[in-house]
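Across the two complexes that follow, chain A remains constant while its partner is chain B and subsequently chain C.
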Partner chain A sequence: MREQPLLQVENLTIDYILADSIIKAVRNASFAIGKGEILCLVGESGSGKTTIGLAIAGALPENAVIREGRIIFKEKRILGRGSKISTGKEDKIMMIFQDPASALNPLFKVGEVISDIIKNHLGIDNSVKIKEKALELFRMVELPDPERVFDSYPHELSGGMLQRVVIAIALSANPALLIADEPTTMLDVTLQAQILNLLLNLRRRLGLSMLFITHNLGVAAEVSDRIIVMYAGEIVEEAKTRELLNNPLHPYTRGLIECIPRTHIRYSKLKSIPGTIPDLRNPPKWCIFADRCTEAVDLCYKIKPDLIEFSKDHRVSCHLYRADKK
Partner chain B sequence: MPVSKEYLVKRIILLVFVIFGVLFLTFIITRLIPARPELLWAGPHATMEQIEKARKQLHLDQPLYIQFILYLQDFLTGNWGISWRTKAPVLTDVLSTLTATLELVIIAFLIAFITGIPVGVLAALKRYNWIDDLVRIITVIGASMPVFWLALIAQLVFGNWLGLLPSAKRADEWITIVTGFKSITGFYLIDSMLQGNLPVFIDALRRVILPAFVLAAYPFCLTARMTRAVMIEVLSEQHVRSLIAWGLPQRAILFKYCLKNTLVPVIASLGLSFGYTIIGAFMVELVFVWPGIGFYAAMSLLSFDYPAVIGCVITVAIFYCIVNTIVDLVHSIIDPRVRL
Partner chain C sequence: MSTALLKIENLKKYFPIKVGLFGKIAGYVKAVDRVSLNIDSREVVSLVGESGSGKTTIAKCILLLEKPTDGRMLYKGEDIILFRGEKLREYRRGVQAVFQNPFLSLDPRMSVFEILSEPVKNNLNLSKMELHEYMLKLLEMVGLDGSFLEKYPHELSGGQAQRVAIARAISLKPKLLILDEPTSALDVSVQAQILNLLADLKNELGLSYLLITHDLSIVRYISDRIIVMYLGRVMEAGLSEEIFNEPLHPYTQALFSSIPDPYYREPKRISLRGEPPSPINPPPGCRFHTRCPHAVEICGRKEPLEYEASKTHKVYCWLHLEK
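Then we have the complex of A and B:
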């Protein structure tokens, strides 16, 4: 029997209720993350990847409704807003965010925030011990001058330092799973590599599993073990990173790979996928990508393709790979 | 985290300049714009002698810049002229009435602050629920209700019909005389407490309740509505989402983190309204015969008591500046980004 995965998401369907409409942000997403694995969710803005991350972290906004599905973490069922399990020191899911500057309350010293999180998760009450722990975490994320950082307000720190602080806060609960929502998107290119390396280092040292959310397939290729490609709230393809890059099946994945700018080919035109994502208030009943697909046939406009197992560990949702055509 | 010394010094220097500006403006308005300020100063039924005396008092025989310097000197030495209505020095009048108003206004704002913030938070949390609707209806009605009308109704219901509370004056003269009460600071509640004079304390407290609650109506509505609006905005911010994702209990997120974000604009707006309530309280003071500065200013205006009116204007303007400086300092304590 296969080892039970750390996190299992089954049939997750999430809507956002707006004043005059309902946005079907995520539909029937199922996937799993193994222990120590880095899984990347890749997709354009609005593909529902952040929503999935927030759902797992238990921090969906108030107007989000989970219509269907289960999230199973360490064989325990967790779901819904704020319903995070809090038993045991190892059973934590923590999250880091795209914009570290707005992820921290501007009126509180970062030391105070991390102290509260440490107190809450580790149950330490002694303020000296809490500070020691915080400084240790700051050193772990390679922050220079941790004492000064502890006594700083967010506006006194740079973006890269803030992201390290946020990572330190996330690590303070000894999490088993770290959800990283585009953690490098808002940073300078040189910092991006630093933060990515830091995350990879931490994974090695702490045996952390990670759900890495990004719109950048290049970043995903560098960090991940496995990649899930999402489009307009649905999973369209899932495979091991190397397999996905070498043998992309879904036309959308192929388009994404072609869109990665290549520095060694000069004078080539920057590629893009024509069209925009469909209206999620009323998503099509047929293939979600058909409108932008260059290989769409009549069937694509009639029936929604299932997510089928194309080969071992490689799933795709496209009529081109139906069993009877293979 | 205390205010930094430099910021404090900077603000105080700024305050001095602003007050100088206030004095300059009042000088222009009272001495330059009227054709013959001495006529106004001496009052409507003044004799030629009195007018001549007023001319001397206002240094109108001097060149303009000397007039201004002497005006500043008079202001600083407390020579604010004599109110010909009360026959007392304006400064004495203003100070004694100001403390009466301050006692009333401070209590009113404490009531507004202590009740308004929880109500606003509650409405924000129960958004689109009947509690929120109720709060919104009450605060709209409360904020738009004329304060003198509210004062009359309160007086009628609680003072007259139910007979629960006295509805006029600061203290019963009989009790103050019998107990030998002397006000030192001008704040009856504080003085009577310090002197251990329980009868006066209870009497003063009973008398302050009605006007204070009536006066608190508007700032209460302002605080509640403002807290609700800001809280809703704060709750949708990223840093709140991150605290939820990091598993902090909702209680801590709300009352430690969000409340502090909410306090910044609420305190700023309350500070502003505190400034103008000092004189705006005169409606309440008139109804409750409260010997405050609003009452004094209104009476002085009605009887063309020019020195007294100017004294009130200057006092309120300076007070307004001081309150706003304090608000800024409090703001800088709460929000470190302000400390530049």
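Then we have the complex of A and C:
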């Protein structure tokens, strides 16, 4: 029998209620993350990738409504009918965000913040031991001069260091799953490379599972085992990282790959995907990508394609690959 | 030799750090330190560097949003700082800018028509009919149709808003556009659209660009020359092909190898230690030596001189001078 995945998301459908409209941010998303696996959600703005991350972390804003679906973490429902929102020590999902500076309270020293979390999550009461644990975490995320960092305010640290601090804070609760939402997007490329390396090291050492959210396929290729491509709130393709990159099926995935400017190729013109994403207040009932797709046929404007298993571990939602055409 | 459209010589911009009640000056942030560059007519020059490299400060100096501490900036051979009256108006018409976030650079209370017509009304004498027609022409040039005239910025997507910002920038037929991270806030599929649009406009209108970006991967196909900056100083400058085919400075090499590419991996990735030091007290000698994998003793002591790899390709690094 197959091992139960660490996290399972089924038919997740989330709306945002606005004053005069409803945004259908995520529709029918299902996927799983195995133990020690890094899964990347890749998509452009408005694809719903952050909303999924927030739903799993139980941190959706108040105007979000979960219409359907359930999330199962460690064989316990954390969302859906009969779920229990676990808090405190049992909470083993942590999330880090794009902007580390806004994740930290500017009025508290970094050391105070992490001490608080260690105290509450690990139940350590002795202040010397708390500091020891904090410094150990700081060393684990390869922060230079951990003693000084402990006594610093956020504004005294650079962006790359702050992101390391935030990662250390996230690790302080011994999470089984780390949700990283664009953790390197605000960093310079040389620092981005460092943080990506750090996350890979941590996975190797701690067996941490990760849901990595990014818009950058290059970053995804570097860190992930598996990639899910999202478009306008729906999963359009899912495969192992190499398989997805070498054999992309969905026209959107192919377009996205072709758009990436590459350093060692001289272009006369960059490829682009014409048009913009559909209005999520009223998404089309047919294929979500049809309007921008160069290969769309009549059927694409009539029926929404299902996410089908094209080959082993490779799922795609596109009429080009429907069973009778295979 | 013809005069360059824009020539910058030894530009310096130091920001004083004031402390205490009376604003005692405690030191300077050396944002731009002795930078020279020139842009010829119809040429695209890219300034590449990470945060704190001073690339945006240079743009602000050129746009007269900051007063340089020292150095000269010449537009068609004349000193920009001395421009007054009609001369200044002509300069402002000639040099326009497009910034990173179109939603911050477009007034949310103005319709696209108002946004685009304001500079035109102030500078050209057009009748109401002519103005409307000119607006439609501008929109067409950036790939939008007339229905956008009535819209407000919040109704536009990021790519559309950036197109409006570009239309505004070209509305007075400028000679030079300063493009400060014009695609950084956009999704990849839209980023390619905007870069293609900029390349087309350049050919159609005979524009020059100063393209400022942190992303080396987008500059290759659009730029003629590339200047790589680090902590306020130029590290390497050369023709686009020279920089891409044979990056000589260790910093440029590290930048290239840090770009995540889904299909291509440098055989051996050069990863940099640590973080860029503060520009308040930049390291002595070569500013990059604290993170440089090849640094030797002299790098921390003396600032490297210019090494000419070719007539157009210049590097500031002791590794090449020592040879």
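Observations, loosely collected:
Convention: the second predicted complex is superposed on the first by the 312 of 326 C-alpha atoms of A that agree within 3 Å, B and C clash if a C-alpha of one lies under 4 Å from a C-alpha of the other, contacts with A are read in each partner's own complex, and residues count from 1 in each chain.
Everything that follows uses one rule, which is that a residue touches a chain if its C-beta (ideal position, glycine included) is under 8 Å from a C-beta of that chain, and two chains touch if they have at least 3 such contacts.
All values reported here derive from a predicted model rather than from experimental measurement.
With both complexes brought onto chain A, simultaneous placement of chain B and chain C is permitted, the two fitting side by side without a clash.
Touch criterion not met for A:Arg164: it reaches neither chain B nor chain C. By the touch criterion defined above, A:Arg226 lies against neither chain B nor chain C after alignment on the C-alpha atoms of chain A. More residues of chain A lie in contact with C than with the other chain of the pair chain B and chain C.
Of the two partner chains, neither chain B nor chain C is touched by A:His319.
Computed from Cα centres after superposition, the angle at chain A between chain B and chain C reads 70 degrees (steps of 10). In the superposition on chain A, A:Ile257 makes contact with chain C only, while chain B stays out of contact range.
In the superposition on chain A, A:Lys133 makes contact with neither chain B nor chain C.
Put simply, chain B and chain C get as close as 5 Å, counting only Cα atoms, in the superposed view. The residues of chain B lying in touch with chain A in their complex are 235-250, 252, 256-257, 260-261, 264, 334-337. Residues 50-51, 157-160, 187-193, 195-196, 199, 214-218, 220-221, 241, 244, 254-264, 269, 271-272, 274-276, 291 of chain C are the ones that touch chain A when the two sit in their complex. Here chain A touches chain B in the complex through residues 54, 57-59, 61-62, 82, 84, 86, 92, 94-95, 97, 99, 102-108, 113, 116-117, 120-121, 153, 155, 166, 169-170, 173, 179, going by the rule given at the top. Residues 44-45, 144, 158-161, 188-194, 196-197, 215-222, 245, 255-257, 259-264, 266-274, 276-277 of chain A are the ones touching chain C in the complex.
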